[in-house]
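The two complexes that follow have subunit A in common; it is paired with subunit B in the first and with subunit C in the second.
On to the complex of A and B.
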């Protein structure tokens, strides 16, 4: 077995551009380097603008998770103004956000992740023909059903937000659209249709049955729907051993409400839940093409190093929590919210665990949406007028589909003086830090099997896609 | 070209029924503003012409255009159009990865030299020799020029490719540059919007595939069929504008009544797009209907015109007195548009006077 270097990219079926450099030895990845080759400079162009413009500009960082960006910007502005959205506004904002996250998960599973199993490299496996019929990119039967269901689901955003992507409805004081009783009925119809898709196609059983699974072993016996099909493949390919993480997870907590977020925040470390020390977040620039020192986002700058000098190899900064990497995403969120199935997968932290975490969150999000809808009072107030202060600071921490998203804002003289963003994939796909510690994905890739004839190894693709990277958000 | 299938072949292979196919032809005719007599022509063209290969590339962007596109109204439109284009090359949705993907692009260029349409989502950054957007180890601008060299025509999807969009906002850190400033020797169709409406995207593609020619373009290079009228012209809240009934504060009584959002910074009066007629997410709604003003995302420079919540009179692009004729001319080819614009501007001035009086 020989040593060789592989350059894998452009990576398809991930949002945005990604390039991996792999050092392969004896048929295994020995070291991995993740490069985010796209830089636009949003943080720099925010400076000097009217703070409210963050509501329009930051969502355009990403066409897949634009509501997450919009929610984070709105919360940061509200924080700067020292207010909260009205309770009803908060519910509609959560509804909009949860619909987007749910749609993203369904898109990821069907369009980005599963099509890899329909590739010729798996010809001859018992499940291969079914994988081709159901998940061939662009035309598989499951995939088409999912695209339809997702389009229907996003009608809710259309109705409440006017359009999707790049919805404008979420504001610091609430939402611009006060839904009428008739709107609520239409949303209910859309949600019922989506539940039907989930129960007929994705899970092949009532959601409540899937949610009663308490361990990874029980999940392994799940046979129905596309979820069951994935479990069959996962068992055959031993995906519970592939792409394991470090067992540290973080969630900022999803869908803020008056009595706390619907999915709880926290840090999972050494097998237990802790509070997050937000002051200990810092972005390390040692391996990013960025100038400046490691700093907390309230003090950080974004100065690209046009010379692209080494040892840096990515535009992505390396965020660390108290000097450590953390994994973020659906699995992290469900672990920190304490769902038994997610807790049982925390140590495994594999490709299988990440996909199961996402499936679990799909089922739970549907219930969250149904409950939110029934709690909205159309006679309530959906938005307060908010005056943005002339000077001040604000933080907006939310959970996007792919994990923890933060906006840190400083206003001086009525204009934005500093705007820093750490996106979920910035955490997951970060490059090495000054201590040489690889980012979460870089770490997960070590040990992945690479066939002698493979130049874009399947195992590597499964691991990368299991994180559901959003590369345009990563660097922004 | 004989080995290339027809559209109808592609559809049949996708298991689409004849009935559904005819429905698609009718809807397309309607979306393109053609009379029902065009339906058989569209059907005939799609049954007999070889499909046009499309290569879809991504530069500096957020993928919102693709996201919008895969959500178009008639399921057939997205199935067919999507299958036709993703058959050839599309970064985000295709099956291949890595070197295979690059090879697929090269194959497509070779195979359909001079016959394919290049669809561009996003734009190339030119600073530092294009190093801010690298595809396959090379600057995106190189891929773009390479793919454009043998293209029949170029579609600039969205505000990024058409005008630069938010990444070109001051100080434009990467010198993000619209496609037409880099590709100067090909016909370019701009389909602006952030993102463009799905039905507009499929409409433009279907028109080109069906009639084998570019749609009629306005002076800015946008398809006149979708961009010849202002949001304001067909806005369902227009009667409130004319009556001087405005939302004064978010979620006030007037907001609940659906009054005009002009005072909340709505850019509908200066924005050419089909949002107020075609609407979004399968005709469900559009931003003004959700209670937020239009931000003018299909207009050049919308990202750098002062705050999105400033009143439209502050737009440098649109001096109310001086540019009335210019506005009329932008809508060239549409009978009466100039007149309508004048009328609207008069109303706008009246509204402005009214608000100034109130403030005074």
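On to the complex of A and C.
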């Protein structure tokens, strides 16, 4: 078939708004352009406000990664003040954050990603009837079980953080609620219930068994639970060859503690781990509807180009690390933390690898939560009072479910003078840069198969959703 | 996404049980791309009836009134255009969340995107839709305000609509369903005893009432947050931080820090709306003088330090 262009949207089961323009040639994507068609302007709204207001406003960037934004804002303010939260407060903040990340991963697998396999395009496959029963959007049995388990899990946030999303409990000096021994017991019951969901439904086996997998080949033989069902589909559709990335990954490191984050930070490049040169982060504006020059977030501005002039095609800036794209997310985080299964998937970098990375992190996060909970001392101090300086700068780097999130803040005369945010999906779904290099997802889409009768190709949907984009954060 | 936290039963069972068929939801539905465009075309042509149009998020009018800051992907049309068109076909229009109702946080600061609510711009009627807009049912836009909304506020509004039990008399002066908006966040707040004695927390994380120093406006804010609670047993004040009136228009610009109470001559401004100020001051000074040691000490501690004293029954 001859060349044609496709405009794919509205793109649902991703968080927020995404439009793809695809150039298709000979049944394959030849080039892809990811457009974030929404401009929001949170960075501009912050200017002139009391720095502490960031704790109220930035979580509201997102209804799904809200606690990640809280955590980044709180750390940026603490950094500006030159303090750390109390040790017990830090643990509770990590607990809240890890619950959100875990809930997001489970939501992604069940509600966003798997329902594509219940679509009529796959009728006739051996696994199709089971996919319909388990993962039909809005109806499937696995999906219902996941929604219920997730709602119960978020009781932990209700108890410690008041509500989900948009808690104000996470502060630069710790958390606003000191949990009692009774509260911790109650949280333990929520965690045990969630482990039961994971072991009965998602993995169909003890978490420790899944965590003992050391390679992608071993994982391919995993048969139980919804995870095993995914592996069956992945083998049949060759998802290990679909949507491959460039093999460069970054993680800022997750859940800061006194003796280092629970998941280690770093850059994965050329098959090895390196330290991140944070000064080498810059946002390229050549293909974003933004005015100004490529700059580090401490010097950057957000000036939307109301004329929306070309060659720009997205409201998303293009962050680069030393001029290169990096992929962020659960797979990246687990690679940089050195888990053997993730390391074995680093080069593959496919749809299958991203989903497996997320499943691995689900299992590991449950353990992290259990360990954190048992380490909290209810007699301890959960919050220090922190005075925010009249002038200063601060950086808050965290790992949201979807990857590395940074807040860069400058305070002048007691007010916010600059607030720049780079969200995970800004990295993954960035447009081209001034060298013409496509963003990570744009690159992964090249080569995806497009059927002659498809206007919204299934392969493209799998690739895009394997990244678990959060477009509302992207364009903050 | 707070909707997914609905419980007993979960959101899918709630809607299905009430006979509500979800035509399309950006996070829950199977249909993507071309299938969605076809569905929207059917609604626009009138071939597919639209009982309830739910809108989440504010509507962006910028740049320069074009709405191009917010295009519905794949359609070449702005969300402003889509909402106007679909609202004209809908029996009911429901704005979900304070951004969709009044503009909310997305209209804060200089409001660079020119964000408005579906039928309000802050406290003023007239947003993406005009103040005179009425949906097929004759109702204005129903405003399920809250940042976030409680999942029950959304589902109960939809269930009331589906059973024809929500009419204009069921909405308050800002279009909010009265089943939750006739309550104040103050109702059932566990800090009520501290409020009674004006035993105030001086810092976040302390147990006392947060009205005097920490910006809490629970005595003025509508919402049954402390009656029904969130995500199990939660609420803002239960977690030790103030109510910031997120169900109200223009909550995003309080004119002071969210966690500080503006004062005039040492007296908080913005006292409870339906109480004469002089009475409030008189009662406050009396109750402060009468505060028991237990309440006074617990107010400034990060956990309960003085338990209630025990009294033996009279024999």
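Some notes on this structure:
By our rule, the second predicted complex is superposed on the first by the 476 of 476 C-alpha atoms of A that agree within 3 Å, B and C clash if a C-alpha of one lies under 4 Å from a C-alpha of the other, contacts with A are read in each partner's own complex, and residues count from 1 in each chain.
By definition in this document, a residue touches a chain if its C-beta (ideal position, glycine included) is under 8 Å from a C-beta of that chain, and two chains touch if they have at least 3 such contacts.
Not measured: the values here are computed from a predicted model.
Aligning the two structures on subunit A places subunit B and subunit C in a clash. When both complexes are overlaid on chain A, the residue A:239 reaches neither subunit B nor subunit C. Of the two partner chains placed by superposition, A:346 touches none, neither subunit B nor subunit C. By the document's definition of touching, neither partner reaches A:131: not subunit B, not subunit C. Contacts of A:18 after superposition on the shared chain: subunit C is touched, whereas subunit B is not. Shared contact residues of subunit A, touching subunit B in one structure and subunit C in the other: 7-13, 15, 17, 19, 37-42, 44-45, 48-50, 52-53, 55-57, 60, 63-64, 111, 115, 118-119, 136-139, 144, 147-148, 150-151, 154-155, 157-169, 171, 174-178, 304, 306, 308, 315, 381-383, 385, 455-456, 461.
Contacts from subunit B toward subunit A in the complex involve residues 14, 58, 60-68, 70-71, 75, 78-79, 82-83, 86-87, 91-102, 125, 127-128, 131-137, 165-167, 169-174, 176, 194-195, 249-251, 255-256, 275, 280-282, 284-292, 295, 297, 303, 306-310. Residues of subunit A that touch subunit B in their complex: 7-13, 15-17, 19, 37-42, 44-45, 48-50, 52-53, 55-57, 60-64, 66, 111, 115, 118-119, 136-139, 144, 147-148, 150-151, 154-155, 157-169, 171, 173-178, 304, 306, 308, 315, 381-385, 455-456, 461, 472. The touching residues of subunit C, when paired with subunit A in their complex, are 1-2, 4-7, 10-13, 22, 24-37, 60, 62-64, 68-75, 104-106, 108-113, 147-148, 203-205, 225, 229-242, 244, 246, 252, 257-259, 302-303. Subunit A contributes residues 7-13, 15, 17-19, 35, 37-42, 44-50, 52-53, 55-57, 60, 63-64, 107, 111-112, 115-116, 118-119, 136-139, 143-144, 147-148, 150-152, 154-155, 157-169, 171, 174-178, 180, 304, 306, 308, 315, 381-383, 385, 455-456, 461 to its touches with subunit C in the complex.
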